[in-house]
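My structure is below; once you've seen it, I'll send some questions.
By letter and in written order, the chains are A, B, C, D and E; residue numbering begins at 1 in each of them.
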Amino acid sequence: MENTLQAVPQNWYLVLSTLLFCIGIMGVLFRRNAIIILMCIELMLNSVNLLLVSFSAYSGNSDGQVFVFFIMVVAAAEVAVGLALLMSIYRNVASTDINVLNKLKW
Amino acid sequence: MSLYLFLTLAILTIISALAVVFSKNPMYSVLWLIVCFFTIAGHYVLLNAQFLAIVHLIVYAGAIMVLFLFVVMLLNLNADTEPHKSNLTKIASAIAAGLFFVVLIASMRATELGEFNLPNKTSIGFVEEVGKKLFTDFLLPFEISSVLFLSAMIGSVLLAKKEKK
Amino acid sequence: MMTLLLLLLPLVAALAVLLVGNKMASRVALLFTVVEFGLTIYAYTIFKQQGPDAFVFFHDWISSPKISVNLGMDGLSLVMIGLTNFLLPLIVLSGFNREYSNAKTYFSLMLLMQFALIGVFMAYDGLLYYIFWELALLPIYFIALGWGGKNRVPVTLKFFIYTLAGSLFMLFGFIMLYYYNPNASFNITDLYNNPICSCNQGWLFWMFFLAFAIKIPIVPFHTWQADTYSESPTQGTMLLSGIMLKMGTYSLIRWLLPILPAGIAEWGPLAITLCVIGIVYASIIAIMQNDLKKLFAYSSVAHVGLIAAGIFALNIEGLQGSVLQMIAHGVNVVGLFFCADIIINRTQTANINNLGGIRNIAPRFNTLFMIVVIASVALPLTNGFIGEFLLIYGIFKYNTWLAVFAGLTIILGAVYMLRMFQNSMLGNTNENTQHFADLNWSETLVLGIIAITIVIMGVYPKPIFELVQPSLDIILNKALAK
Amino acid sequence: MTTLIYTTCLGLFCMLAEVLNLRKLLVPALIIGLSAIFVVNMQQWGITTPATIGSVSVSHMIKMDNFAIAFSGLAIIISILIFILSANYYKDEQNQISDYLSIMVFVLCGALVMFSYNNMAMLFLGVEILSISLYIMAGSRRFDTRSNESGMKYFLMGAFASGFLLFGIALIYGASGTFELEGISKYITVGEIAPMFYLGVTMLLFAMLFKVSAVPFHFWSPDVYEGAPALITAFMSTLVKVAAFAALYRLFSHCLGGTMYYVEPLLIIVTGATMMVGNVTALSQINVKRILAYSGIAHAGYMLLGVLSSQTNAASSVFFYAAAYAIATIGLFAIAIMTFKSNHSENVEAFNGLAKKNPFAAALISIFMLSLAGIPPFAGFLGKYYIFSEAIRNGYVTLTLFAVINSIIAVYYYLKVIIAMYSQPANDKTLVIHPTYMIVAIICAIATIGITIVPDMLMQILK
Amino acid sequence: MNDKMIQDTLLVTPALLVPLLPLIGFLINGLFGKFLPKSITGWIAALAILGSFICTITLFNGTNSTSSLNIDIFDWIAFSNINISFGFLIDPLTITMLLVVTGIGFLIHLYSIGYMKDDEGYTRFFTYLNLFIFFMLLLVMGNNYLVMFIGWEGVGLCSYLLIGFWFKNESYNNAAKKAFVMNRIGDLGFLLGMFFMLFYFGSIDYSTVANQAQTLAPDSALLITITMLLFVGAMGKSAQLPLFTWLPDAMAGPTPVSALIHAATMVTAGIYMIVRSNILFSLAPTTLMFILIVGVATSVFAAVIGLLQNDIKKVLAYSTVSQLGLMFAALGLGAFSSGMFHVVTHAFFKALLFLGAGSVIHALHGEQDIRKMGGLGKYIKVTYITFLLASLAISGFPFLSGFFSKDEILAHAFEQNKTVWVILSISSFITAFYMFRLVFLTFFGKYRGTEETQKHIHESPLTMTLPLIILCILAVVGGLLGLPEVFHVQHAFSNYLSSVTEGSAQYLAHHEKVSHATEIALMSFAGIGAIVVILFAYNKYVKRSVLPLEDNSLTGLDKIISNKFYVDEIYETVFVKPITVLSDLFLVLVDKLIIDLAVNATAWIVSTSGKTMRLMQTGNTGFYVFAMVIGMMVLLIIRLFI
């Protein structure tokens, strides 16, 4: 395990995270279900986490890892709030489809 | 060895991520996401961030995903309730995301991260190291994030509280 | 001190009028404007003794980018302020014996307008000037919007946006001037003494010219005007045409000529051509206008076009003529619109074809109206003549053929004015006009004062010439020093 | 630092107020508390002792420089005004008022962090505290689907943008190896810059542009502004916008200035597009909150001119502009909220004939509208003038000219309301303006005129 | 202080009083006329003019043919290097005009007291009349062109007011407007002429201009331009081709107005102006040639039209135009003093003719058509006799005033250009013919009106007949002022004016003076010719009682002539119509369609793009995110690859 940093070029992590990030974006674009969009956003955040950790590991600087904690904190808070919002909407319109939410426009 | 491990994990990560996006049933999506989180935790371990890997699992798989599952079950969402986007939008979003990926990679195309030296400290991912950092350098953000939690807490209660109109 | 007093009294008055309530509003406004006029005369006597130095007021305002409260009055300013303060009591008085909803606001806005106008004429700091310039737009807009005719909304909107558009370009021009100015200030003397590369003067000229051309208005920027005039309440129209248009011509003299001489050299010929075309163009349109106010509006376009042309002729005759004509036109056009108001108010129609025969039953009105009309067709011994004479002569010195063309105004002016007068006043009465009451005391007073001024100015304009000559000399020197 | 701590404590107090049954005292206590905090905040002026928690230095996390103090002061004043309004606004929701207010105080905390951050982590946390609290507030009318929709849209897009923010921070960290502003700034000046870094800066910029609602990241703001409760809209369009701008400005003036040449073309395009889309789209709106949203977008465009000029210390210009904008907007909302309420409509027609019903209120609205339109002698004019000046000084002549043209367009929709008030017949709905609203409006009006008369008071702060 | 200066200072007061008195009269009547008894206002006005006349006499006595008195009253337009003063110049030319204006003016005031007695605008009439005299006096007294221009335009205004005196009648108002506008066309020429003088000579004082002009080469382009422009002014004011049409229409005004303004005084202002600038004009032979052509043409043209007019005043109006043409011909020949002489004599007999016509109209209660008159000689003797004598004078009946003044001009024409002489002679005979056609149809034969009106025919009151008699005496003996040298006397009139005209003599081409014998022959020819024509007319209208046909039964040339060669119609189509069309075109096409459309189109484009852009805001979160992503992508691509 010690030699991961030598065996795997750092750029691969970069590419992997970017790919993951883009999959997250695709998910947000692709789906209409608010919950799944929320999950895709989590995916995006996780790609960033991965990136940060890889940078941190490769540069031997633990700041990046600490930062990941904050991202987790925020992600948790975000999810809590997001799901609460979702619940309150679901009570009103009985749907999690974001396309239902189009009263406000133009 | 670790290269193969990385590749395996990476491919798994990507597959599970894609599965999150493409699963018709929200429940599956949730489950795939959990898989994805596990693979990411694997990466953390590969990168010597053991403590973070554990925290990651606890927070994400243990807390956040449970929350998700809980909501999905509560709202009784399944494949039938999932509204479908038209194919055009689907293709468009796939292309857009793909293009975006290409653009991102292209803008980093010349990224040479320089001569890589093995860090003299391998313990940066250990709890001790991270903890020290968190309570010294990052003390303020740590404390400030409590405000965030407070706010989110009040907010969630406020929003989800069941009350007569 | 005098300067500040002159400037701020109308502002105080505006507040006072707001406080006294609707019934007393017009009277209090009149009182204040008369006092203000008295002060102006007093200022004139001081000016006679001590010259412009007595009126310098300087106070730092904004440190960076440097803007200062730099007020003062040279002869030119004094003359313009004199015009403003002379006309305001008349305009207020012309609102007597009329019912206005919310009169206190109405008169207060007029006084606010006076404040802004005086500020424009006093400001010797570019940005301060600009602020007053814009400030002047607000009261008039609200006057027109609140008390105007039934089509007022789109019309005033167009007016507001149109003029504001011009002004914003001017603001842009001022900021550019500031950065071209090594002293980094808007102070007028700095701007006068700062030679700007002639490569930049061309487009800077347009920045300023647009603002002024719209305000004046010079054809083809005039289309807001006729509608605005006919939709505004009379006092608003008077303020607009009598004084506010003069802001544009005044600014040409004060801000454009001396600051951008090379720009003038480059674009002046085009500008003067536009002005002259405008004179003939507007006059010809006026010939067939049937709406009193629109007719006066187009005539006003022609007249101010002549003033602007005289300014761009860049000689002392043109400038003197333009100053004199600004005053004369201010007085006359207020008179004209007041007459129009009297007619419209009593007959409920502005179409001259529906009028006629008023002369039979309202001789006093007829006489005074006649005097105003002949003044505006520039008959000698009325104030309109000397101005036009000098203006056309100024243009003549610039270019003979332009002068011939511009001179058509004296023919065409006679045509449309007399047609208007004939159709509205002469002939036999009809159902619209048969109950036309002659002037009451306040109307007689207003028109009487205007008539007397018309004659006095026409016979003895020398004080005005003397007053503005030094300022014009300086400005002309700058304008001609490329 | 102390400002932040006290404000947090105030937020906690609000939370506990419900438990302690102090709801009646809540708003006065908040106002007094915030006023005290304002004083404390201003006392830090010019004192450069590094921030500490106990014995731990946190100066690499937060830096209360004059920029931060000035903006904090402004933010606190804005909050005070909003809280004055809130007493009456929430009078029917007494059992939740402490929740609402505490969340709003937390928004202020987030803003304070965004003014003073000295580390990307703080920026991130500040943004998130602010945003998450606002998601809640936007959706706080639980039974109103419009409010739901507003909250949800804001949340989804905000979270999405957070992803970009983080990605950008991550890339910057990857290239420079640090989260501290000074470190990053040093990285820029010393040696080669990795392409990754530029991408990071760009992504970070995108995220911040989202927060200030610049085109093409502006889509959320009209919908959210319209759907959110009016008071929250006021809060969003003032405090939040100011905070986002201050953060963006701080980012470039304290840290990423060296990469300005790189993002400049992007910023120019975005600035131009923002001004144009904001102004032009606002023309055809009839909902006043929506008009203000678009107007807010347009104003963001103008303020971006200030950001573009950040290399020549345009801070005071941006500050002045932000202050003028915020004050006018709050004043406007103070009266608009009452008008909306009495008419059960948020459209321009709600203002019909206001000049007859309540000429004073109409006059105040006119002042605010004209100030927003940038017409002298109101503060908005000077703000615009400063911004344009700075932009021209930095050579953005064409862009400024474009801004000038846009301000001409803008006049139209500001006048729409004025026209409705002054030229339309009044409807029969009675309009009662609660004194607290009137007080706020009057304070704002005085400030709007006052800061024109003595603009140096504000302008000198950040020199 | 020598005697002359003392003398001069003594004359200042009367000189100032001359215009001041009418002004005072105007102000009293204008401001307080309403409060004064009607009868008094007329007398106030008349006395004001009488006062002026007396002052003029004082001036006349105080000066001689060589003196000229310059009175600067105040600086009018004075700044920088422009200095135009408001001042008077009293010299023989001025005094001549003053005498005519105030003298005839007074008589006509007197006449009007009777004539206008029953008019509701009595006071107003006298107010205007006084104002007119005031301006006319300014015109002739001014010491520079601009003061002259004040009077010039001022009389135009009064003419406007008086033509449209009966303002309820639409066509009268149109006539008034036409007069004013046509005059203004001339005025523009005058104005431009002044500009040239001011610009090139630096002054518009008569003396300076004359001095400066003499430094230029004769017939230089500048001089031609200036004189041509001034002449354009004169054409307008003095109703020359092609600007003459207003004058016949001007007969819409009350008859005394026609007498005073449109015959005796105002219309001669053009001649006065050219005589005043005689040095300038004599330096520009080309212009003189042009004046000659215009004058001769007008003279014949108007005379021909006069042949077929049936309105008593219209006949006189065309006759006036024709006579003015004669005067201009004289000026064109360089015979400035002869021109002036004819002005004076013409003032006498033409004023008389108009007043006589007025008396006829007064007697017939407003009837002006000569076809409905006839045989009036029996009823109104004084009018008849004076009218007859005036007609003889104008026709050039030997030894009456017109005879001398006309002959002088004809003699000059004979000297210089035989063709001109022939044409002018013909024109003169035509004049004699139509004048007597008028006399015979009016006063001879049987009354052709209704019986009802016949009963009321009466002679006018003394205030009306007295002026007739005085003018008649002047018309008869006026010629004595300028007895030609053939009679072995000094030509008193031209002597008196010699100081004014002598300056130009050197520049005029010198022609061999006709011998006395030839001159006598010419006079005889003219005199006998006139008598023959009169007899011919007598034969036609009295003996054979030929009556003019109704207007609609005219054919051919007659129809054209009686319709005044359709000049008005031509002007209507060539100038008036196009301008009205242009006006509508400008308003509708340029103003509304092009300019305003451009403005509104800008607004429209902006607002439409607003409406379009708002559709981007679909309300769909998915779309928003999509747009954001695309936006970011585009921006990145722009940044990276472009």
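Methods note: contacts are C-beta pairs under 8 Å (C-beta built on N, C-alpha and C of every residue); 3 or more make two chains touch, one makes a residue touch a chain.
Since this is a predicted model, take the numbers as computed values, not measurements.
Of all chains in the assembly, those touching subunit A and also subunit C are D, E.
The chains in contact with subunit A and with subunit E alike are B, D.
By the count of C-beta pairs in contact, the leading chain pair is A-B. Of all chains shown, C has the CA centroid lying nearest to the centroid of every protein CA atom. Between the Cα centres of subunit C and subunit D there is a gap of 42 Å.
Centroid to centroid, with C-alpha atoms defining each point, subunit A and subunit B lie 5 Å apart.
Each chain gets a centre from the mean of its Cα atoms; for subunit B and subunit C, those two points are 70 Å apart. Each chain gets a centre from the mean of its Cα atoms; for subunit A and subunit D, those two points are 27 Å apart. For subunit C, the set of residues that touch two or more other chains comprises 161.
In subunit D, the residues touching two or more other chains are 121, 125, 128, 132, 135-136, 139, 142-143, 151-153, 156, 160, 171, 174, 196, 199, 202, 222-223, 412. Residue numbers of subunit A whose C-beta contacts span two or more other chains: 14, 21, 24-25, 28-29, 32, 38, 59, 61, 63, 66, 70, 74, 77-78, 81, 84-86, 88, 91, 98-99, 101-105.
Two chains count as a pair here when they touch; such pairs are A-B, A-D, A-E, B-D, B-E, C-D, C-E, D-E. Taken in their complex, subunit B has these residues touching subunit A: 1-3, 5-6, 10, 13-14, 17-18, 20-22, 26, 29-30, 33, 36-37, 40, 43-49, 51-52, 55-56, 59-60, 63-64, 67-68, 71-72, 74-75, 77, 81-85, 89-90, 92-94, 96-98, 100-101, 104-105, 108, 111, 113, 116, 118-122, 124-125, 129-130, 133-134, 137-138, 141, 145, 148-149, 151-153, 155-160, 162. The part of subunit D that touches subunit A in the complex is made up of residues 120-121, 124-125, 128, 132, 135-136, 139, 142-143, 145-146, 148-153, 155-156, 159-160, 162-163, 166-167, 169-171, 173-174, 177-179, 196, 222-224, 226-227. Taken together, the subunit E residues at the contact with subunit D in this complex read 606-607, 609-611, 613-614, 616-617, 619, 621, 623-625, 627-628, 630-632, 635-636, 638-639.
Contact residues on subunit E toward subunit A in their complex (touch as defined above): 614-615, 617-622, 625-626, 629. Taken together, the subunit E residues at the contact with subunit C in this complex read 30, 34, 74-80, 82, 86, 146, 149-150, 152-154, 157, 160, 164, 167-168, 170, 173-174, 176-177, 180-181, 184-185, 187-188, 191-192, 195, 198-199, 579-580, 582-584, 586-587, 590-591, 595-596, 599, 603.
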